[in-house]
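Chain IDs A, B and C follow the sequence of writing; residue 1 opens each chain.
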Amino acid sequence: MREVRSNGGPSARRELDLLFPGLSRALAGRGTGFLLLGAWLSLLALAVYRRPRIAEFISHPTGSGLVALASLVGLLALTWIAGTRAVDPGDPSGAVPACRLRSDRRAAIGIGLLVVLGSAALLAPLLAPFDPDLIDLGAGRLLAPSASHWMGTDELGRDLFSRVLYGARVSLLIGFLAIAIAVTIGTAVGAVAGYAGGWLDALLMRTVDLFLSFPRLVLLITVVALFEPSIPLIVVVLGLTGWMGVSRLVRGQVLSVREREYVQAARAMGYGSGRILRRHVLPNVATPIIVAATLGIGNAILAEAALSYLGLGVQPPTASWGTIIQSGGDRLVDAWWITTFPGLAIVLTVMSFNLVGDGLRDALDPRRGG
Amino acid sequence: MSGPPLLEIRDLRVVFRTVSGDAPAVDGLSIVLEAGEALGLVGESGCGKSVTALSILGLTPRPAGRVVDGSSIRLRGEELLRAGPERMREVRGGEIGIVFQEPMTSLNPVLRVGDQVAEAVRAHLPVGRAALPGRVVELLETVGLPDAEQIARAWPHQLSGGMRQRVLIAIALAGDPDLLIADEATSALDVTVQATILELLDRLRRDRSMALLLITHDLAVAARMTDRIAVMYGGRIVEEGDTRSVLDRPAHPYTAGLLNSIPDPARRGVRLEAIPGSVPGIGSWPGGCTFHPRCSRSFARCEAESPPLLVGPATRAACWLLETDE
Amino acid sequence: MGLGRALVAGSGVETLIRYVGSRLLQAIPLLIGVVTLVFVILHLAPGDPTAIWFNPSIPPEVLERMRESMGLDRPLYEQYLHWLKSFLTGDFGYSYSQFRPVSEVIGDALPNTLLLGGVCLIVVFGIGMAVGAWQAVRRHTAADSMLTFVTLFLYSMPGFWLGLMLILAASTWLGWLGLPVSGMTSVDHSLLGPLDRISDIAGHLVLPTIALGLGSAAGVTRYVRGEMLEVLGQDYMRTARAKGLTERTVILRHALRNALLPVVSLLGLYLPLLFGGALVIEVVFSWPGMGRLMYDAVLARDYPLVLAASFLFAVLVIAGNLLADVLYALVDPRVRHA
């Protein structure tokens, strides 16, 4: 917390930061400053504009409303903390790195997009101009995109933009949960296989081959057909069909680390296998797993969308992007907006995950990308 | 010996583009090589010798590397730096052959050995399809490979490092070049294999009256194989002369230092002298004489001005000492 | 004298056959595993597996008699063995939504899926390899950057949505192209001559192939670009140039051949994606293949058909992987000697 003595200098600016976090950085010409300031002002504007809604959520609390409120508060807090951190004029840590690596920049753009998308999903109840379930069977059916309905309305008169916003919650949630399951299973299987070796390794890897032999969607549909479709089921099956890649990754890492000297040394000192795994192997494996997980969420979202489009995924009235596209199927040409916009949302989201995943992966292996 | 020399490099400068500007890799190098002669280009890693070899053939890594205007590389009087791509292709392999350091990775893993040699032959000599296999076998035998017919049908991964290097030498000779450049050709091989490959190069050179540019960091290797030696440091030649003179009466402190650091059974018991300091990396070469920070005999002028090659007692060296005493 | 001979022994056909044989052998337990997995899923599902297998709407007394007559009240492991045997011999039971044996139904639909999948595969890898290699050679140009963005965009797209967008485009502002948007054949297909029939089917193939393939093509392009970049930096490229070969020869004969090798192994990765994607694309475009069959079966609760189709998709993937492995061994000499 250095303070340079100059007239009206940093100390005055720092006070401005309390009201407008990021301002001093923005004035210093740094990118993060503008981003933080912009986020702060947008969030505040949203809160002000949505005063009545917020009041409603407080007086009549609902699950989703509380999530939105908590997210708003949380985002405001994060922005404020980030924006009021002391910035030394000569300190480069407040600046967006000069993007020396193209992969870094890709990852940064991806993360930025994800933050925006994630915030939009969390704040959906506040951002949505209409209630997504509000039906208007009169003049409001099948309206083309306009100033009042940015993405038009569907066959029941519901505002599409609001539905897409709320759909983001469902799709993103399913994606995250599914990958959480997949990564857990994959890491466990890979670690055991790599460390144990021998017949157990062979057996587990053959199991991986077995699961890889089924196209994911085929397995999904088969299970959904025999059991009743529900969100927990979808999440579980998506997880059960997405762990294979992670397991191979982890196994590879474990194999390469297992024979290294410090592991031999640890073993000689009597450390148990579990401890060795945890302290020596897992840290090495963390980043490739993150890359795989990021790319995996994108794939999970695509799989869920396909499943919901087929009517075998998320069931109405819950809306995910896939179900919205499905509902627009009959009116493809007449009401093209119903099919187009949710799809664009999917593309944007998956693209962001891919940007992050690719960027991270290329940053770790500089020979490739760029 | 009339006419222009086989190879004449004058004032070659090569720079590499880095984040912080252009860094020189070769900084005013001049050498002359006559037909049939063996010249050793000796220097430690980082002095720019490999870049020199690549530049002769127009293979400087682009876009990072760049030959600076004002440099001249002449092959029998013809300026190669101004030659078109067609002409350069004729030169590569047809008039100048080159063997690199890493035999394990220098052969295409998915083509048979014989095909890769044949390719080199066909690029420069009008050998018909029918005569080609015979020619390939001939070449493989010339480089001392037994069972040449079987080797021609083999894949690179089936051969050892020494054998692969012989194949690469065969490829370099396929177009009947007048000059063979050996860029650290034995550094990646076992010591025993090194000796045999060097023997091979020597024999080939004499049999074909070929000139040899032997690039190496090992003075002992240069001592055995060459007629003349040019010592390189900091991107330029610091001493050159006929081999015996350079080894017996070096005029440049760097050469003397190199010689002193070679283990010699005759001086058993005497401590090995290493040259203090380390070779500066590309981009961080000191001003004036590039060697002066490590030189025990440097004085004021060395820091200020970079010396040209001056005539010494038996050799020519780029050292201000030659202009002061003696 | 024997050194050379010893070196090159076994680089002939025998190693190849041995390799293929060992891969075939490895595929068998995999097949058994697949059948077992389907069996396990069936028995884990809520409801009576027998009722599911025959038809949930049959009254229980009839069901009981059918069970006895088929010996399905036997213990589980006997059922499993019976199941294993029937699946591996192609007896998949009876489809009660199509009133024919399942194997017949699938037999009709399978070639259509193979047609779509096969054409798509060629397109995907053809485009992917060409564009990816071209991109690598033209690295750092504007075209390279633009293509990188485009491939990322395509790669992130849901295939069925692309299909819908294509139908939209083909029905409106690209309508003048006259591309058919559904089915595999036109209404008057049976009245057409043989050449016209082929072009009829070809016309119907265009949109589904694009929808199914574009995403994967983008993925292959990205992969090939990476591989090519890596190859271009290898030492043997330097040797090739030092030989005085033309740049064209250097790229085509030396770089491409090495860069495209691993692409064959990519085939194994993309097959499940292709078949899974084909399922949804067939539904979108009403293509009469196994995917649409399976979907209709799910809606009709025709479980024998669903399970059999599931099994067959897996078989297709396994067979495809086998072919890819053999292809790889043919193309890369190092694999045979491993």
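The definition used in the following text is that contacts are C-beta pairs under 8 Å (C-beta built on N, C-alpha and C of every residue); 3 or more make two chains touch, one makes a residue touch a chain.
If you're wondering where the values come from, they're calculated on a predicted model, not measured in any experiment.
Enquirer: Would you mind checking which pair of chains has the most C-beta pairs in contact?
Expert: After counting contacts between each pair of chains, the winner is A-C.
Enquirer: With chain centres set to the mean of the C-alpha atoms, which chain is at the far end from chain C?
Expert: It is B whose centre lies farthest from that of chain C.
Enquirer: Centre to centre, by mean C-alpha position, how many angstrom separate chain B and chain C?
Expert: That gives a centre separation of 53 Å.
Enquirer: Please work out the Cα centroid separation of chain A and chain B, and write it as a whole number of Å.
Expert: 55
Enquirer: Report the inter-chain centroid distance for chain A and chain C in whole angstrom, where each centroid is the mean of the CA atoms.
Expert: Centre separation, chain A to chain C: 29 Å.
Enquirer: Can you check the complex and tell me which residues of chain C touch chain A?
Expert: Residue positions touching the partner: 29-30, 33-34, 37-38, 41-42, 45-46, 52, 152-153, 155-161, 164-165, 167-168, 171-172, 226, 229-230, 233, 272-273, 275-277, 279-280, 283, 294-295, 298-299, 301, 303, 306-307, 309-310, 313-314, 317-318, 321.
Enquirer: Of all residues in chain C, which touch chain B in the complex?
Expert: Touching chain B: residues 1, 3-5, 7-8, 11, 140, 234-236, 238-247, 253-254, 257-258, 261, 331-334, 337 of chain C.
Enquirer: Report the residues of chain A in contact with chain C in the complex, numbered from low to high.
Expert: For this pair, the touching residues of chain A are 206-207, 209-210, 212-219, 221-228, 298, 302, 305-306, 309-312, 325, 329, 332-333, 336, 339-340, 343, 346-347, 350-351, 353-355, 358, 367-369.
Enquirer: Using the touch definition up top, name the residues of chain B that touch chain C in the complex.
Expert: Interface residues on the chain B side: 57, 59, 63, 85, 88-94, 97-98, 100, 102, 105-111, 119-120, 123-124, 146-151, 153-155, 157-159, 168, 171-172, 174-175.
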